[in-house]
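Listed after this line are the structures, all set down as structure tokens.
What follows is a pair of complexes built around subunit A, which joins subunit B in one and subunit C in the other.
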Partner chain A sequence: MWQYVLRRSGQAFVVILLVTFITFLLLHNLPGGAARSALGLDATQAQIDAYNVQMGYDQPFLVQYAMYLGRLFSGDLGFSFQQNQPVVDLIVQRLPKTMVLSFLAAVVALLIAIPLGVVQATRRGQWPDYLVTSVALLAYATPLFFLGMLLIVLFSQTIPLLPPQAPQGFSVLDILADWPGLILPVVTLAIVTLAAYTRYVRSTMIDNLQENYIRTARAKGMSEGRVVIRHALRNSLFPVISLLGMYIPALFSGALVVEQLFNYPGMGLMFWQATQTRDFPILLATTTIVAIATVVGSLLADIAYAVADPRVRLSGGSE
Partner chain B sequence: MTTTPRGADETPAAENLPAGAPLPTGPGSPEPVESSQRRPRRRSSLGRQGIEMFLENRLAVLGLVLIVGLVLFSFVGPLLHRTDQVHTDLANAYVPPGERGYLLGTDGIGYDQLGRLMLGGQTSLIVGLAAGLLATAFGTLWGATAGFLGGWVDAVMMRLVDALLSIPALFLFMLIATIITPTVPMLVLTIAAFAWLNPARMIRGDSIALRSRDFIVAMRGMGGGSARAVRSHIVRNAIGTVIVNATFQIADAILYVAYLSYLGLGVPPPAANWGGMLSSGIGEIYSANWWLVYPPGILIILLVLAFNFVGDGLRDAFEVRLRKR
Partner chain C sequence: MSTPVHNTAGPLLSISDLHVTIPQRRGEVTPLRGVNLTLRQGRTLGIVGESGSGKTMTALALMGLLPANGRISRGSIEFDGVDLVSATPKQARRRRGTDLGMIFQDPMTSLNPTMQIGDQIGEGLIVHQRLGRKEARRRAIEILERVGMPRPDRIAADYPHQLSGGMRQRAMIAMALVNHPKLLIADEPTTALDVTTQRQILDLIEDIKEEYDSAAILVTHDLGVVAGRADEVAVMYAGRVVEHAPARELFENPQHQYTRALLAALPERASGSDRLYAIPGMPPSLKEEIAGCPFAPRCHRAQDDCRTGTIAFEDHGAGHRVACLHPGGEEHLGQLSVPAAAAEKQVLAAQSEAPAPETGAAEDVPASAEVVLDVDGISKNYPALGGSVIRRRIGTVSAVNDVTFSVREGETFGLVGESGCGKSTLGRVIAALEQPSEGVIHLDGTDIEGGKGRNSKAVHRSVQLMFQDSAAAMDPRMRVDEILTEPLDIQGVGTAKDRARRVEELIDDVGLAQDSLERYPHEFSGGQLQRIGLARSLALDPRVVVCDEPVSALDVSVQAQVLNQMKDIQAEHRLAYVFISHDLSVVRYMSDRIGVMYLGTMVEQGPAEEVSARPRHPYTRVLIDAVPTVEPDDERERLLVEGELPSAMDPPSGCRFRTRCPFAQEICATAPPVVEMGAEEGEHQVACHFPLPEDGTLPTRVGAAR
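== the complex of A and B ==
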């Protein structure tokens, strides 16, 4: 077990190093160079030179990268001159909100996907199976912002039931307290992964229902409902843990669109605003942090999966 | 890497025969005389079985028809329905459908909406197809090479894929679109630059399964090099996975173009694409100008669905080829 955790963490660490290297390369390809993009168009040559010396951009390439890593791991994510704030402060404010949104969306998606997948697997090739597949595919094919907008029109204009804007609270608790406003954003974001989740639950359920222990359970005279729920579903839930890890990037990408659409004050909205003002320190730092959060999230999901299902850690998981 | 339990992906293992292997019914091969009584087309080639299987799938055929229809609409349509999509015409802004000779009305600066949908379809189709195909081609080569060579080369190549995959795609697209000036070729390159990762992973799996097969070992024994093995054996045998994957990549690329346009980084006007039209139409959703919102939205959905139907049909077709043997 520990061997598996160690090896998997080693892989994750290498991936994080590579991610930082990619963002470092991007930093050097910013328009006008790293200094110009951070200081803005009005900066004088002297200011730019001073900034370059201060950040070590006059050093050899690998030294620069080492310094960049050093700053990153000591929590210095750069300074946004447009917001006149260290980027890390902005991210600390915003990241938890995005995580709450994504987590709720993943939970809602699972709560919908698991029953649907079970129904599909037990009614395979009949109309409920086709119906769910078509609806899920339709949801996938609809651009998220269009879908979100249709939901807003339907549930806050035609039937004035829910507020069209996300909660604007400063802290996570304020946001959770204003839960009616969260419903539409969470449901919209849940739809991102819904098609993938149902398809997955359906196929693991179908696999499990063909196993020998299911036949044994039926032969013992166990009721069909009990066979499906207690035996097949329980074993199908393990892989779902790793599914959660796999779709973290998709959730974050979706959060970018959903936060912009509902004006939810998370990282995605901050990132979108930074693209409009070309605030490159924020853009790069956010990308790095979101990527690291993704790597750590899928690492945790894989470890949880290995804890739950011994076959994974014994066969070594991947490769 | 994320562990992939059974049933995670319904990807065919693509263990078909080497393409171009001397099957008895290749074109030009003499029809074997079957003791004068002609059997009905039973002993058709594997390829033909695949096509028959595909054609039996009604959704796949519907998808194909939709794609052809939308291509005709976008590329042939403008020849039949000529409109000015460059000069604005403020006197004729927001004309409702059917009035003053505008079949689908006009938008906020007087562009004919129907003609604009045709023009926008061209961009959406070109970017989607080009990015999807480019990404699949590159991902295939990358994955096939990594899987075939194995060892530390594979480890390095795949960790790079992991790293790129762990950066949520939209964040990267937006960051890059802020750095570059969005034009159609740049949009294609940007999307392709990050869409090759999933094909690379899938083909790598196929490649590992194939590299120890007898015909590849034999080819190497006869002195064939790695490049040749990858090019003419691994890629050709994984062709089912490649083609199926390409259709899904195209669908995803079309959606990504829409997202980039919505987030303000699409191709600037007077160029148009469905995503951009839908995004600007979203602003009209509270007014009564429905013709600016729903037509581009429905066209995007139809196009993405169509590529998915075709992809599913192809996957079944390739899988059935395997099962029947």
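== the complex of A and C ==
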């Protein structure tokens, strides 16, 4: 087991290195160069040259990359001239908020998707199956910003039940304390993955329900509910674990829209604002972090899968 | 007939006129069409039939486990005085796993892969006896011990993939036993297992049945399995029981023409020069009404009265019931194959213009015939990978070890052994799909260089493969003509017109109609697909065809059709076959010479009749003795082994069979045995330090024989 974790971690590390290389390549090839974007259009050539020497941009590419890596691993993600703050400070402040939002959304999505998928699989080809499939596809096809606005209109204008704006607290605790404001953003974001999860749970459940061991379980005289939950659902959830890891990018891109829509002070909103003002250090740092989060997320999902599934766990995860 | 113990009470189980229908998108299927069965307590009933005969469906109806939408449309099932057809779902559920225990076919897929064995067994106790988890686990361990598991406490905490096939089936049996069933239903309990393991499992089921004084139903396609085990046998065809008799009576005096045909189709009773009786045609569709006897269209004795009305299931005395208007016959079963074979030829000839050769047998290969394939000292090793961060080689799996044999023109060399013995790997090496680690293969005197050398294209042309599962070995999106043309295209044979003509010839050769060419693989039955597979392997006029378990997935009657076809084609084209199978009787029937493999080594080889009649290697003897036969008076002394195949990663030193051999001595562990006896090419050779005596007796120091 430990061998497996070690090997997968090693692989993940290599992927992360590749990701940083690609992001750096992008940074290196910015039109006008980093100096132009930092100093503005009015800067003279002399100023630019001086800036490049100061930042080490006159060095060969690989040397610069090594320096960049060094800074990255010591936690220096650059400096946002527009916010006049180190990027890392901004991220430390905002990343937890986005994580809270995404985590809650993922949990809500799973809590709804699993029962729905089970109902669909056990009532396959009957009206509950068709109904859920249609609603899921409709939700999946609706643009997120539209859905969010729809929810705002419905639940804070027509029926003034919930605040239209997300909590604005400075710390995560402040935000959680103001939980009614979280409901609409979390639900909106949950819908991004809900449809896909439901389809997935439905199809793995259908596969598992056709397995021979389900017939064996029935032959033991167990109630149908016990057969479905103890045997079919248990085995259907293992692949869902790895799906969770793969959905991190989807959650982030969803957060981008949702945070902007509900004015939620997370990474997504910061990224959105940075694109508006061409704040390159923030854009690149965010891209790097999301990439790392994706790699680490799928690594954790794989490890969780291996821990949960005895077939992988006991074979030392060799396959 | 022996006096039954529980004669006072009525039968434990009585099924009469049972019909099951399953509605489908279009119309409905009726897999059971009037099943009649009775079974008394303490007895074993064998239900035999080919796929689609309804034998498994009968078991499922009994368990209340019919597939979705399936329902009992007519008839009754009375079990232990209770009517099962009118039982509520809850009542049926209570009876499952308590009074009725079922053992399924494939223990790998029939066990939950992510649940500990002990939990899966204990579940039945938790559900029906409301035991706590701990108590259930304790009882599960007791039962595991009863079914002969070594270290049951440890196995209870294992998952199915950690056990071998035989152990999984033991766990499955334990599961069916937890609540002491009155009736144990075993659906093909040993089909997925090797013969030596099969014997152990069947013995276990028999023991358990005796101990619990339960009745048992043994559902199987293998007539040999029921012959030695069942008290009574019911033969099913197209959803009906066509014959039901005490086992001995059934095999000595079969009455229904289908039963007779089935027995005549077994290669076990045929000698190599006989043609097998291949039942012509195919079983009827279960979607339509069948008037009269369902077997009539394929029966050589069918008269006009067979095709109308209902055929009564009549008692012919001594508990022998038959649903046949013209039962029995003067001809002995062995002789039945002669006229019937002719009838089959007529059917085939009507389908195509292919001239059927007079005798299909290739037993008279003159000693002067040229050696086509010469396998010399072939070994095949695979690296075993492991290690923590970086994968590295941690050992070597010795799949094939120093195998030597040769095949002459027009000859069949049979390779037989249990799963994991390396026979398929050897087949792939011969077909130049894999490079041997050591040794040389000569084809017509030329080194094939593992198919990598200058003449690789010619090698692939001359050695072709035929697979077990042709459905999986064909691209489902290609039409049959494309499948057959592809090898010709790759080798650039002739013009497009030549190829089209060649493909027409091929489909003709294997006895299929020309319009088959326009169809897709899924439109064919298993037997037809094997013929197409054979046609594809013949496309390039090869010298050698390596047939890897070509009939293992087929029913007996269809198997006979394919085997006959293969013999005909061999005789016509002077082909050399390397015939790989786990089924000794098929190999013996097909082959001129046999090689027996164990854990990568060739332990014995020689003329087919010689090796199977007078095996000299203990393993060959074990293999032969483990195969159940349909002879009721089969009381010969048997050599049995316990345990299972060791790992090929660290094969035992010296003789690889020594860890399971009852005759092993010290020298067997230190020196690998050299080939003894006939040093001449093609003579009987055995690689053993202590070969068995020629007269077939077993030496006295038999440790493991019972």
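The rule is short, and it goes like this: the second predicted complex is superposed on the first by the 305 of 319 C-alpha atoms of A that agree within 3 Å, B and C clash if a C-alpha of one lies under 4 Å from a C-alpha of the other, contacts with A are read in each partner's own complex, and residues count from 1 in each chain.
In this text, a contact is a pair of C-beta atoms (placed from the backbone, for glycine too) under 8 Å apart; a residue touches a chain by one contact, two chains touch by 3 or more.
Just so you know, these numbers come straight off a predicted model, no measurement behind them.
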What is the contact status of A:S80 with respect to subunit B (first) and subunit C (second): first, second, both, or neither? neither
Tell me which partner touches more residues of subunit A in the superposed arrangement, subunit B or subunit C. B
Applying the document's definition of touch, where does A:P143 land relative to subunit B and subunit C: first, second, both, or neither? first
Per the contact definition in the header, classify A:F271: touching subunit B only (first), subunit C only (second), both, or neither. first
With both complexes overlaid on chain A, does A:D207 touch subunit B (first), subunit C (second), both or neither? first
Kindly classify A:T294 by the partners it touches after superposition: subunit B alone (first), subunit C alone (second), both, or neither? first
After lining up the shared chain so the two structures overlap, which partner does A:V19 touch, if you call subunit B first and subunit C second: first, second, both or neither? first
Interface residues of subunit A shared between complexes with subunit B and subunit C: 238, 318
Show me the residue ranges of subunit A that touch subunit B in the complex, using the header's touch definition. 11, 14-15, 18-19, 22, 26, 29-31, 137-138, 140-146, 149, 153, 157, 200, 203-204, 206-207, 238-239, 242-243, 245-246, 248-250, 252-254, 256-257, 260, 271-272, 275-276, 278, 280, 283-284, 286-287, 290-291, 294-295, 298, 301-302, 305, 312, 317-319
Once bound in the complex, which stretches of subunit B touch subunit A? 1-8, 10, 159-160, 162-172, 174-179, 251, 255, 258-259, 262-265, 275, 278-279, 282, 285-286, 297, 300-301, 304-305, 308
So in the complex, the part of subunit C that touches subunit A is made up of which residues? 63, 65, 93-98, 101-102, 104-106, 109-116, 123-124, 127-128, 159, 161-162, 172, 175-176, 385-390
Quick check: in the complex, which residue numbers of subunit A touch subunit C? 2-3, 6-7, 10, 211-213, 215-223, 226, 230-231, 234-235, 238, 309-311, 314-316, 318
